[in-house]
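Pasting in a structure now, in structure tokens, and then I'll have a few things to ask.
Chain naming follows the written order as A, B, C and D, and within any one chain the residues start at number 1.
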Amino acid sequence: MHTSTTEILDLLSKYGKVEKVHENTYFVEVSTDKVREISEILHWKLGGHFSVTVGSDERPINGYFKVYHVFLMDKQKLSIIVHAKINPAIPKLPSITPIIPGANWHEREAHDFFGIVFEGHPNLERLILPYDWPENVYPLRKDVSVRELRNKLLKNRNEGVKERKAEEKYIVPIGPYHPALHEPEYFELYVEGEKIIDAKYKGFHVHRGIEKVAEERLTINQIPFIAERICGICGYTHNVAYCQAVENAAGIEVPSRAKYIRSILLEIERVHSHLLWFGVLFHLLGFDTGFMMIWLIREKIMDLAEVLTGNRKTYGLNLVGGVRRDIDSKKIEFSLKTLDYVETKARRVLDKMLKLKEVISRTKNIGLLNRSEARKLSVVGPVARASGINTDVRKYHPYAAYSEVEFKVPVYDEGDVYSRALVRYDEIFESINMLRQLLKNIPKGNIMADRIKIPEYRKGLGLTEAPRGENVHLVITGRDNKIYRWRPRAPSYNNISSTLVMLKGESLADAPAIIASIDPCFSCTDHLVIIDIKRNVKRRIRLKELARRRHC
Amino acid sequence: MENIVFVLANVAALLIIAPIIDGIERKIKAKLQCRKGPPILQTWYDLVKLFKRPSIVTEESSLAYIISPYIIFANMVFALALVPSFTRISLSFFGDVIVLIYLIASSSIFLAIGSISSGNVFATIGANREISLAALSKLLMALVLATFATLKRSLTLETLFPIIPPYTLSAIVSIILFAIIAYIESYKLPFDIPEAEPEIIDGILVEYSGRSLGILKYSIYLKRILLFTIIVYLILPREIPTLLTPILYPASTIALSVTYVCIETYCGRLRIDQALKFMKTLVPVLLVVLIIAYFNY
Amino acid sequence: MSIKLFKKSLWVFHLNSGSCNGCDIEVLNVLTPYHDVERLGIKLVASPRHADAIVFTGPITRETLPKAIRAFTAIPEPKAVVAVGSCACGGGIWYDSYAVIGGIEAFYKILKEEYKVKIPPTVYVPGCPPKPEAIIYGIAVFRGILRQKQRRTYFTEKEVPELTKDLIVNIEKYMDSKS
Amino acid sequence: MGSRLHILKEALRTGVVTKKYPFEPIEVPEGFRGKPSIDVEKCIGCGACVNVCPPNALSAEVDLNKGVKRIILFLGRCIFCGRCQDVCPTEAIKLTREFELSTLTTNDLYQVVELKMAKCEICGKPYATIRQVMFTAKNVSKDQRPLLLLCSECRSKVSAKYVSYARW
């Protein structure tokens, strides 16, 4: 059933005031008791998907706390943001997690940062803040000065440490420093022999308090640089998403040459990221030659980025309103030559590697995530596309120069590690193809918008398709060249919880490959602690104080 | 007495050459991965550094954890003394095939015991895997050696080296099978499951450090060269002049290790159950070969 | 002393203490064919027990601090530290965030004060992220293959003109005479 | 087996690609964003770079006792974005192509530029660097120049009719 845009808007206006913020983006203000109902309609009945929940302390502006639920309607190319005012004296809001399990972390995050209580949430525990964080201190509230807090916390670091009691179970800790991940995340796997019975995720080791730093210290044009450092692999899409959000909020028209340059670097980033992922996958399968060969090819892409932007990673290219560096004809020629090299090499090597017996036997039918589970958890990007969900921000919510190039969105139905690999495999070559079109058709003109004026307290939504999936930034502009509220939501945030579904019943040896198959980018996500899955450990093996003490 | 001197010289030479062979393997592996690779003496540099570093002993680690590296090392040195290497002279009168299997198997078990007693969860999983792999591979090895014994109607190492002639089907097949088992035994991909780095952080070796780690690594290199030596001498004909063996032996050992590393470079790791399945399929094959050998074919 | 020991062989444990991954992928990148640090005897190991040196990437966050201390102390003495990236060197863009302890110096301070640990020789590799070559350069400096180029510079103005009405009004004349 | 041989063939065709670095220098592409370096002769100590630097790698400190202003660049925090280069009025700070920045102490990661400050003619308080006063003077009409010798407070007291052209 296809519902048209006007029908949706009509329906929404029955619930509250509909406000068009920029093209295809509508904010709907509803009363707190309607949030659940409207979320259910948007996510389950109209074919949209839940994307992010943003908490916000708007007491200085209008005296309320706010919660924004962002929904993306791929079919109608709409972004709909449902928001509700919450009384700061009793900050309560009905939870939408019972209807959309994917909202679990989002709501817990808002609880951590603002102290908003989500009624009916199955498990409203601390998610993000460090283990020794004091109770009842909500860092993103505007009346909390973090510098003071920081000094206080640094002095008594161990205040409030709850000794984590060892459980009498056979726990295999993956992380925080697991060689497979190269990032400090902590999965607890409950195993029986070599079989995984249950999994827990304790993450957010990389929570660096980015939102507060940005809101308190940085100016509008400094934030793009911190946004890029959300993630060192796919940082540029965060950078673009932030700039788009501000541009959308302020109604700035970016020159089309700048849009092309953004798209070019986004695609370069995607190619590098996917090649990196293949390298890591092969490494995890014990096939180091694959890792070496793929990274050898990837090196050329890194060199290309260095020539175009001046650095191999963290391109530092964007400001609000455009880009900082132009691409001349010599660089275009160099790019095209590099792309040819990468394409032929990658095809030759990857084709054969994906046919290797060990690779197939250790990825096919491993780490299954079916379509309905994927919908429930609201997964995005290649993970969703490998589970049969046709979603791609570039196609359905076009930004930068994507409306002017042709490309296909690969979708596979199997939902296993192998199909996730295939999605990425297809995307590499789609991206290279896209890059050729972009480089050849790049229009002449300015690379920076002329007049940049940013009004205060305007809302904007920036969407990009990161290599790992859709990337959402919600921005509320502030006074004095600052941002009032900025919430970046990285794709891994939605995807990580799906690994817990994938891991159950699989073999321990496959765990790293499964976790890696969503291409987790923990630093993206981290802005967190325990996923409570019903335990049914049948045979408990007692080993004193296992991992906890010594797994490092 | 003269023999003893020769044997000591042999063993000493093997002790020196074993890490160098690993160095050669690393170099070749690197070349196959388009890299320059470490110098050939790199493994020696690593070992020397490890020997100079202290090994950490925590309160929880038991005696088994501390002494098992040394037992394994002694086992390997003794096993090397039993087989001929640069010269055909060896201590083989001390023991036969059974002793050899015993030495190899017991070092696996000591390795497992040592790492279990370290108390680390990864080490425990590594040890688990090591035991299940070792149990099966030792069974296979016993079957192959039984085949050899059946062919030669003897258990002493003297008579087993070389196995050819006779050029029977069972002799050739069993040598090939032994080569496969040696490959599995030497912790090479896709069978390096007990020390799988990404899955369980270097598994069995995870808690060892400094000197004990050096000794353990050294023992693994020695085990590899032991297996190579056995294969070489299973094939190397007795008629070769004594003076040529000191050249032929290292040459063929290196050739063998190069072959192995070429295979290894292009393999991914198997899952433990896949590896076990592969090894289980070898059992009936070996039994058939054993029967054929009994009838001297 | 430790430097001499690690001249030919250096096993490294990589610890992401809250990095954005940028430095991590560059640390991994030095293993790949174009850079191949194995030729210098450097190996990435998975267990801190095996390691000689520890590579820190990223600022040290509150959550990783105890784990970082554990990993740090698990490495047998003597050891060395390589701080890769501006975040590890001095806290980077996160230096004043509530969830971040700071760079490696803040980490050392805690180690010294609370754990009485000796501070090992440290190489600082600034960059965001540093090029793989820059990381190799760091190792080369540590081993004494290459000379350290970057030195502290302190410039103090010596000759300054007296600011007078006359000078300031006829500033062009002054500038011309100077040049 | 076929696939494996194919990969082997591909590897052999590529050959060994390892660079000789650190034993041979490498070429860095043009426009590489390397170490920012302050040209001490050009720097006027205005602090524009300090305001714009996202990680606050550049900081300014005023030493009232000695009457100097210091611009401090700490490479150990620099993210090499090049915003300082964008805003510098005298092109004093520039990103070089230097990437070999490793040091054995954090102390070596600092560059400090210490500039003398001008004292206000009325209240005697140091208010801006001498270089900055001279730089501003060039861009201001002659009749307004004497006002630059005063600190911002005294200036507004002395004459409300003059619009302050430079903000200290």
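Methods note: a contact is a pair of C-beta atoms (placed from the backbone, for glycine too) under 8 Å apart; a residue touches a chain by one contact, two chains touch by 3 or more.
A quick note: this is a predicted structure, and the numbers were derived from the prediction, not measured.
Chemist: Looking only at C-beta pairs that count as contacts, which pair of chains has more of them, C-D or A-D?
Modeler: Per the contact counts, C-D leads.
Chemist: Which chain has its C-alpha centre farthest away from the C-alpha centre of subunit A?
Modeler: Most remote chain from subunit A, centroid-wise, comes out as B.
Chemist: Centroid of subunit C to centroid of subunit D, CA atoms only: how many Å?
Modeler: 20
Chemist: Rounded to a whole Å, what is the gap between the Cα centroids of subunit A and subunit D?
Modeler: Centres of subunit A and subunit D (C-alpha means) sit 34 Å apart.
Chemist: Determine the centre-to-centre distance between subunit A and subunit B, using the mean Cα coordinates as centres, and give it in whole Å.
Modeler: Here the centre of subunit B sits 47 Å away from the centre of subunit A.
Chemist: At what distance in angstrom does the C-alpha mean of subunit C lie from that of subunit A?
Modeler: About 29 Å, centre to centre.
Chemist: Among the residues of subunit C, which are close enough to touch at least two other chains?
Modeler: If we look for residues of subunit C contacting two or more partner chains, we find 32-34, 36, 39, 46, 74, 92-93, 96, 128, 131.
Chemist: Mark out which residues of subunit A touch at least two other chains, giving numbers and ranges.
Modeler: Residues 179, 225-226, 229, 289-290, 292-293, 296, 311, 314, 356, 550 of subunit A touch two or more partner chains.
Chemist: If a residue has to touch 2 or more other chains to count, which residues of subunit B qualify?
Modeler: 32-36, 197-198, 201, 207, 266-267
Chemist: What's the contact topology between the chains, one of line, ring, star, complete, other?
Modeler: Basically all the chains touch each other, so complete.
Chemist: Can you list the residues on subunit D that touch subunit C in the complex?
Modeler: Subunit D residues touching subunit C: 16-19, 21-23, 26, 35, 40, 54-57, 68, 74-81, 98-116, 118, 130-131, 133-134, 137-138, 142, 145-146, 148-149.
Chemist: Using the touch rule from the top, collect the residues of subunit B that touch subunit C in their complex.
Modeler: Those residues of subunit B that touch subunit C are 26, 30, 33-39, 42, 45-46, 48-49, 52-56, 197-198, 201-202, 205-210, 213.
Chemist: If we count contacts the way the header does, which residues on subunit D are in touch with subunit B in the complex?
Modeler: Subunit D reaches subunit B through residues 4, 7-8, 11, 14-18.
Chemist: Per the contact definition, I'd like the list of subunit C residues that touch subunit D in the complex.
Modeler: Interface residues on subunit C, with respect to subunit D: 33-36, 39, 86, 89-93, 95-96, 103, 105, 121-128, 130-131, 133-134, 136-142, 145-146, 148-157, 160-161, 163, 165, 168-169, 171-172, 174-175.
Chemist: Using the touch definition from the top, list the residues of subunit A that touch subunit B in their complex.
Modeler: 170-173, 178-180, 194, 282-290, 292-293, 296, 356, 358-359, 361-362, 507-512, 543-544, 546-547, 550-551
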